[in-house]
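Heads up, the next two complexes both have chain A, just with different partners, chain B and then chain C.
Our next item is the complex of A and B:
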């Protein structure tokens, strides 16, 4: 759900209305927000960062980072995180766009279909995990029926014991749970493409395929760019589905950054080391913010 | 799909273009059905295995249609597992999250949308940053904080933490709604002698109901869904929320499958109904900004 606001913010500041109110009343208005965020978020972020530069004997010490940077496990985690986020990003955008195009057709019962196709978004993550765990059960799981249709597959695969299959499953579940949001945003972008452009293209004799390439895609490109950044951020945050379905396994094959940090902190009790990994995550998040703002800037300068 | 059954004669009487259009319509209908089937299949599978007698779920090959109905599965769930308590705890936490979020977000969104002040852009940047920060990063520091103040196993404090996570994005959503209120209306109210609070409550808020609905639903969904922080901060099983309770069922090997699935259905019903009821609002409230892009 959480992706909505950043997209909404892409609308840019509503400069339609200006007046010079006395500044101090604004600070009273944001005081509750600042208080809540300071106690429950900022404090944790700051102490987390402080813990990352604390050595085993206390005091300022960068050993967590130097240890981490030479740890092949850390780089394997980063590699897996990259594979997971990039694949989720691409697949969720393609699936999201496909379903958005479908929901954009004019047909009877369109509103109902739109509601049905976006239901996965409303289902909490834990029930989603429970359902898919059963669907990939090596003895009774319905996914085995699909696998058996492939040539050469005569036995039910061990979904969570095979590194490739386990990664494929967590990607599929993440996409399934998340794509409706991307579809809804892309649907509204599709509906905002001016009808005249399609009519002009038709007059020029453009086929449906060419209309898609030369009218639809350029029209929704800004939304796609924003959603690509968002998908990257949100898939990097994915914890619950991976944790409940594979636990990061088999042998760390699905251990991306988020579950790895959790593992360090709560299984191995390396709080400082976990914090150092978290800071790396924070740096990536900051880089994504910069990318997000750059995309947003380009959008506001492009749209009249 | 019914279009496929059109009498041959009628189709042949039409012009070639009409036939192509009809074929296109059939293909579209087929494609829509296939996509709906693929997307909804996991939902169907959860419901199917919650309502059919347990022994039919544990067969190979699995049957794709129900072989019987067994509503007592739900009776078993409600007798054997404290699902009612879990749902009550989830409701308690989510209700606090919604109320606190609205209290915090309404004035902040008003200040961001309608007032000019120093630090405004900085606050915007801060809100964006908190939103993209991976949650797993700060679980350990949050646990330290909660332990230091004795807030662990306290659902109210967990709710405040949920609110802190969801407030930044709710502020953005509501700010976009406030931006859409014509400036003249607000100006007129201020000229008539209303102060900021009166303007906010009697003029701006009544005009931004979809935004308020969207914000409440986002806050509710976030809290109802949240697992990571709840699992770290709530350890007493008597205080388990739905997410925590359901997650423990996964690891309890003696839980019958139909109880698991019935629990999943029970926990998902409320957000799904909620979502379908306000679907239009959500689409309008959440994507208002994206349209412009």
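Our next item is the complex of A and C:
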């Protein structure tokens, strides 16, 4: 066996595995993972791309893309996807950071509260959707009670019949479902900010707000940038919650890219057109990810 | 690094270790046992002697909790009745069924001998893919006259499918709530709205259950599709959509009046069904299995359920025949025909219908089976369904029958504008018409 990846024999009770995975052995070790990725990811993407350039009669044909580019519905879907994605991205990070800051305080029962906070993230999306469907029921839902507390609201809102409310609902549910993950990661980042920096800031007379702006935020900036990428991908590929809660309606107001691809492929049987839409979605997601990573690198290099 | 060879010495300790299976042996054994258990579960004890030809019936019924037992009994009887074929299930649950069958058909053939299909899929298999075998010999051999709803299964005078399951729409109502309100089931459109309003006392009681949520799009379109019929309209004629025709618009305006008069607005379909089962909804415009579902949810409500024909003069409602078809591409077309003929025999069909609570037979079964006649007599809620005049979805959808889902989606999405306060049905359907004309160009 190569010395590059040496596993020390466990001859004595006090001995531990020593791992040195440098050199060519490391590539051998990741080979199974690469093989899996090749079969389940690369192959699927290539097959999807091939389908996107296949015409109705077979053979190479770019008509799916040309049709898509002049289809106003497609651009409306992309616009909605952008609105949904950006809003979810911002709100989920703000909510996640807010909760992480609260959880970073010392108080009795903090561990239990942290555990409770992970519940939305742990519950599968289908029961979440079903629960919210009942909560937003215009006749029986609990959301009506909350809405009726607002000034000027005298009737129960038609949550899934009003385009703005429907978009708001799917954003709220998506954020509610996803924010615990972001909170936990940000909490870890907050706890990694050296305490000495806060002490120094206090000695300099910095207020709590200034400490947050000049110590906390710079300290967790790389994590925020990474989470922004993840939130972007999470929201862009959101299908289950949107599909189950609003079905993309009303009047297509919540029809984002993922449900639209599903509709084209599995409801209307336009598999090639759906593949073309998926390819465009993949390109947008890849571009956004590259942009975020570039920003993250810049921020990381600027971090003191 | 050296590897120590395995010792084969027979010391007592080693003997014990030799008797222990290795992890690999254990996994292999478990796999074998698991495979055996799985195989016996899947065959369900219905395994017959080798050498029989396998007949594959493609369906979703094997996944339907309340129906698979009835169908399994038909399979068993067929397998026992002859020694040449053994019939087996293949297919997917209903939600994935059409897309999977269409994919196979588009790829050149359906991997089965007998196909059970939803109406729109059946029309595609017959007219678009031309994969079905005529079943007229079965009809003449058995001396049966298929019900009027079978017309959409005919092409060039030949019949390509025989109903395995038939569901049609009528008004299911709770006679106790009607008696309490002192009203009778409506017989015309305006009377229907008035009755619904009288039966409504929100949020304790609702006059009518109508699916109205786009997230329940499949069920909504299933029901809404009927609303071209109250004023004798159609959704399309050939490739010409008729979504904004006066008849269709009036039909949808009727739906909207009912929605405003007494529907649980914005409520999920599952919750509406629960409200109905709890005796808080007075009537539902639904198919005959609705009664079965309500009985399963709340057996106490069952004695109060009755049905009335659709409350408009023509009494026409959509009738969804799910036919059995013999596939041309089958290697055992004779076997496929034999199975369908066997299933259509009066005693076999009667037993299936009684077991699965199907009430709309493929032909005049009550005249041929005393047991089925008694079965129907025991079900007073059936009369409204029987009085309804059968219309196939294909008859009202024209060439759009092949893109039924897409058509429905366009109608529902636009119709939602009309459901908002002050919304105009005509304006909404004008918008839908434009989109449907664009869809027509792609047909």
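Simple rule for what comes next: the second predicted complex is superposed on the first by the 247 of 304 C-alpha atoms of A that agree within 3 Å, B and C clash if a C-alpha of one lies under 4 Å from a C-alpha of the other, contacts with A are read in each partner's own complex, and residues count from 1 in each chain.
Please note the rule applied: contacts are C-beta pairs under 8 Å (C-beta built on N, C-alpha and C of every residue); 3 or more make two chains touch, one makes a residue touch a chain.
Please read these numbers as outputs of a predicted model, since none were measured by experiment.
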Using the superposition on chain A described above, determine whether A:178 touches chain B (first), chain C (second), both, or neither. neither
Now for A:244: first (chain B), second (chain C), both, or neither, which partner does it touch? both
Could you look at A:159 and tell me whether it touches chain B, chain C, both or neither (first, second, both, neither)? second
State whether A:252 touches chain B only (first), chain C only (second), both chains, or neither. second
Which of chain B and chain C A:139 touches, first, second, both or neither: both
Just to be sure I read the superposition right, which of the two partners does A:282 touch: chain B = first, chain C = second, or both, or neither? first
Residue contacts on chain A - larger count, chain B or chain C: B
Output check: A:36 vs chain B and chain C. Expected answer is one of first, second, both, neither. What do you get? first
Does the superposition put A:96 against chain B (first), chain C (second), both, or neither? neither
Answer with first, second, both or neither: which of chain B and chain C does A:266 touch in the superposed model? both
Which parts of chain A are in contact with chain B and also with chain C? 1, 133-134, 139-140, 243-244, 266, 271
Can you check the complex and tell me which residues of chain A touch chain C? 1, 133-134, 136-140, 158-162, 243-252, 263, 266-269, 271
Residue set of chain C touching chain A in the complex reads 1, 99, 102-103, 106, 202-203, 213-217, 264-268, 271, 403, 405-406, 409, 412-414, 416-417, 419-420
Of chain B, residues touching chain A in the complex: 28-29, 31-32, 35-36, 39-40, 42-43, 45-46, 49, 57-62, 64, 100, 103-105, 107-108, 110-118, 120, 123-126, 128-142, 144-145, 160-161, 163-173, 175-176, 178-180, 182-183, 186-187, 190, 196, 214, 218, 221-222, 224-225, 227-228, 232, 242-243, 246-247, 249-250, 257, 260-261, 263-265, 267-268, 271-272, 274-276, 279-280, 282-283, 286-293
Sites on chain A touched by chain B in the complex: 1-2, 4-14, 16-21, 23, 25-30, 32-33, 36-37, 39-41, 43-45, 47-48, 51, 98-99, 102, 105, 107, 111, 113-135, 139-142, 144-145, 176, 184-185, 187-189, 191-192, 222-223, 226, 233, 236-237, 239-240, 243-244, 257-259, 261-262, 265-266, 271, 274-275, 278-279, 281-282, 285-286, 288-289, 292-293, 299, 303
